[in-house]
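Once you scroll down, you'll see the structures, which are given as structure tokens.
Each of the next two complexes has subunit A plus one more chain, namely subunit B in the first and subunit C in the second.
Showing the complex of A and B:
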């Protein structure tokens, strides 16, 4: 455990890891967020120390985002474009099953094989003979849409809660954080499942469920950062010059806190997408026959057990590409904004 | 210290009460209530009214909640399934040990491998082992456990059929007559749950490895370690006798908190491997729209989760002398 950061000295810290229990995104994936929060403390702490340092080669390298970052961004971008324009692309109907005598011959085809009528299926077919390429694209539409929307709304709501409670403190802070604690008392996937069970299946309700799950984590992260920045001289200066609370929050705190939150956002989206996949795997996302990545994976499980690994393999590869890309983007952003690596 | 403890306990009671009320309220909202489940299609309006009275659904919500809580606390009664009439507490008694076994099992795996990777990479930061293990950790954190499960199944249950695809046969028997039977029961459970436990452990072990690595690197830069080096102590002794213990505080805390998180994480792993635990019970209850078992299961999981987090928080305060003293002087 590194010694507590000095910039935090004014802010009461229940335990250095107090906020770690806030970090329980739906998948265990989110555990990583705990480390990010530590790093944020370091970013803030090391900012001053880094001033005046001569720009070394390492520091220069850090000023560039790098090839990996742009490849990862490209993957997400291409998938997002495909998902957005799925309706106008020349894709097979994702829900259409082959009929007639030959239907069985067209089931669970491996990628790059031909249907009976000679048409090519680029990514093969699923156990019902439906086109995997178009199902994967429509499934990504649900996954990306739900993931991005949930984190966007969650950041707006959670950010507002975190900023205000970190700035005003006192009773307001106690009440809002008690609310967050209650939300955090349920394991995230369980909470999302129950919300979907109550509200019914569908992309909108999945988004609502994952937003509720995301809010407390984001709120606590933003609050911790807000508290740290509130101690800084520029906030005091702004107050002394007669700025209103609203002005201090929007003009002084928001830009700083947002920058600290930014690397966390791609990771949060990855967590939300993995969680949507988990809901879909359990049959609690979109209604069949609509495609979702998790649903395709779960329907492919019997095929996997028969050795036809490509049936669940196609959605798995797409999902992994999305998740690993988002994680890489988040990691790179984090390094990019960390001026000095204090761990080494 | 006493004041701190009192505050913590009050906080705990508050959270538990709110959680229980929310659980009750949330599942009261579940579409298709017990009456629908019990009736199926054939019920006269009179029969429906009778059932509503039987379940107390005609009374106002606070009264219903009070009764529910009273039954729970006094009789440890959580009601019975509307589908098959099995008491919820009985089902939970069967399923909770399975889930706990799985959670502890995967925790042991995660800690074991995490410790190994963490210490190995801290020995030489940015060295070859460190870089390899950081890539492994990065991948392990990005891969959801349900995806990893498929890879594991394909490798070890389909291509090389060493393990079984489903672990339905898991059966935790504590009260077996002799030691031999207990051991063989334990062994077969270990075997059946190995793949699910590995899937569950994956993300955790990556977190543990990174955490321990970062803390160890920080500790190894302390003056007293330099001192030990200057004295000429062997690297192995410095690592294990001097640096290891002070570097494990955050690891211990996160491992504790993860116990709670793993209980939630078992939901999906149990569904994949068809393990008869709490998670599968939750999913089945949701699919059958059976609100009473769902209520019970959610309450038990959430309570366990809150209690574990509470214990870890307290333990942490006692374990780390820096925090203990800070609180004592404050």
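Showing the complex of A and C:
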């Protein structure tokens, strides 16, 4: 390899660089994506200021995430914070049942009613007199934890499979995609049930089960995007500059594929949380008395016959809020990141 | 992998006195369900250090496949190749991608047609340009940054330090092509392959980019293969021109000689299809009738015969060899433009006199007269 000074005989003297820190900091993908958003907003904003015609107003609306997105993000964020800090919050013990003579009086209380000792139960109590607020938060902890973890791990594994098979193609692709097809052929819930049946109940095993369910979908999606981007000339250009396969995959393809995958992630989390809810409803998630949203619904179900709809109603509302929020976030992100190639 | 890199770079066969690039009887074919496509069929040429060769032909003439074969960029599984490509005396045709990697970027680089697609849309320009510097030249991040800024400045990009932090979509097409050129030049390659570098650009920007390439080439004493469908592009900027048709060389000559003395009817037709600025308005564009040959079942005889205005019995059955007209000028035709037979055919078919009789279209008849590239440029793209 020739020494640098020889090859640069023709270039003028390097000039000192002003803002180098901005570029150097960009090593992780999340930061980069965030900056792209900022840049888009900045460019569009300045264009609008210059022109102010209705068409760019539409473009601007598209470039803003909007109120609904932030409300949905807020719901998930608040719930996630509550779930994370559940242990240090002043919550009643979610598994403690009232004992003694007054126990029956404290069962299935509606929201905002008081226990015999005068303490307030914000979301009422369940059929065993346990605090619903506290149980919903601990149940969300399981649902969100399992959902996020399953999709995160599924994205790492499925993404790696999808990137490599979409880039290398040929025999490797055939084999991995055949494997993914086998996994996809099982009904998702059945597959998850089988895995839990083999490995036993518990949040870790639920996560493993839902990860296995998530991998093939993500791998397929990533593979399709990788194949499309692999055909683009910048990949060839990178090869002609001597980039290795690993470099092409991680530096050229990954940032592009990640942007395409990003809107799908909240939707995948929603699916995983719904699946965890289904597992819990069937009694296959966490071991009672530990709270889970699906378990609370199935336990509260008999209360419907006695007109005490709030008992299953509380976990149902929370689960619905989570699922709808995640879907709204995903939809909005998809619109946000759908950029015409011509604009690039 | 490291061992292979070392093998290529330190090989004793590497001969600094050999021509930089020596292509001998290169054949590249693709296996397809319909049969074998002979995309490049027996091409030979030599490129010395610091020189420029222009490869001209219409779509499907094999010029892009030729440049990619030389670079070793075609998929091995579906490509058949034979012949020889020697880079500084080292045979590179049979090297696999891993063995070629140390050459790519550092020794030979490529500028692509469309700067919209040859830059990664979600990676900052700074990282795209510094990557090769760090990889090939082992520069530190700071050094690479400074060199990157200098490179952007040298290809005529204003405020280079600012541009380093921007994304490709924030630049215009011409600026983006300047960036791709800067990236290709970054590691100081000795050979630059420019595959239709101006086709996707505005006419006004084309000349600037070509000037930039020429300027950088002289400054760096770099050899260049300029692939284009536009004779106007290569006219003033190459030392030698290769005209390709149906995967074969049909005419090859030093640039000055070629325009004064076109032999191949195909070259003549290409020149004739360039509209002239001094034509009266509403002059019909001269097009070459017909289509390029089917490369799976090429016609017997001359490839160009079905579209040639001077076609004879012999052209349809017997393939013409490459004939030397004067040293360095070869062509592939039985009845070359300017020959007595050709003149006879012309008068019999009521075709206009050959351009060499007076001045060829747009080009001075005297081969020693400097061709004004800009004049070609304007006429070539309107």
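One rule holds in what follows: the second predicted complex is superposed on the first by the 284 of 344 C-alpha atoms of A that agree within 3 Å, B and C clash if a C-alpha of one lies under 4 Å from a C-alpha of the other, contacts with A are read in each partner's own complex, and residues count from 1 in each chain.
Keep in mind that, in the parts below, contacts are C-beta pairs under 8 Å (C-beta built on N, C-alpha and C of every residue); 3 or more make two chains touch, one makes a residue touch a chain.
Keep in mind that this is a model prediction, so the values were computed, not measured.
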item: Subunit B versus subunit C as contact partner of A:100, first or second or both or neither; value: neither
item: Subunit B versus subunit C as contact partner of A:181, first or second or both or neither; value: first
item: Partner chain in contact with A:90 - subunit B first, subunit C second, else both or neither; value: neither
item: Partner chain in contact with A:234 - subunit B first, subunit C second, else both or neither; value: second
item: Contacts of A:170 with subunit B and subunit C, given as first, second, both or neither; value: second
item: Which of subunit B and subunit C A:251 touches, first, second, both or neither; value: second
item: Partner chain in contact with A:242 - subunit B first, subunit C second, else both or neither; value: second
item: First (subunit B), second (subunit C), both or neither touched by A:194; value: first
item: Interface residues of subunit A shared between complexes with subunit B and subunit C; value: 1-2, 14-18, 20, 24, 32, 343-344
item: Contacting residues of subunit C [partner subunit A, same complex]; value: 9, 71, 73, 77, 97, 101-106, 108-110, 112-114, 116-124, 126-127, 131-132, 135-139, 141-143, 145-147, 149-151, 153-154, 160-162, 164-170, 180, 183-184, 186-188, 216, 219-221
item: Residues on subunit A engaged by subunit B in the complex (per definition of touch); value: 1-2, 14-18, 20-21, 24, 27-29, 31-32, 34-35, 38, 178, 181-182, 185-190, 193-195, 197-198, 200, 270, 274, 277-278, 281-284, 294, 297, 301, 304-305, 307, 309, 312, 316, 319-320, 323-324, 327, 331, 343-344
item: Residues of subunit B defined as touching subunit A within the complex; value: 11, 14-15, 18-19, 22, 26-27, 29-31, 125-126, 138-139, 141-147, 150, 153-154, 157-159, 165, 203-204, 207, 210-211, 214-215, 217-218, 246-247, 249-250, 253-254, 257-258, 260-265, 267-268, 271-272, 282-283, 286-287, 294, 298, 301-302, 305-306, 309, 312-313, 316-317, 320, 323
item: Touching residues on subunit A, where the partner in the complex is subunit C; value: 1-2, 4, 6-20, 22-24, 26, 32, 36, 39, 43, 170, 232-234, 236-244, 247, 251-252, 255-256, 259, 343-344
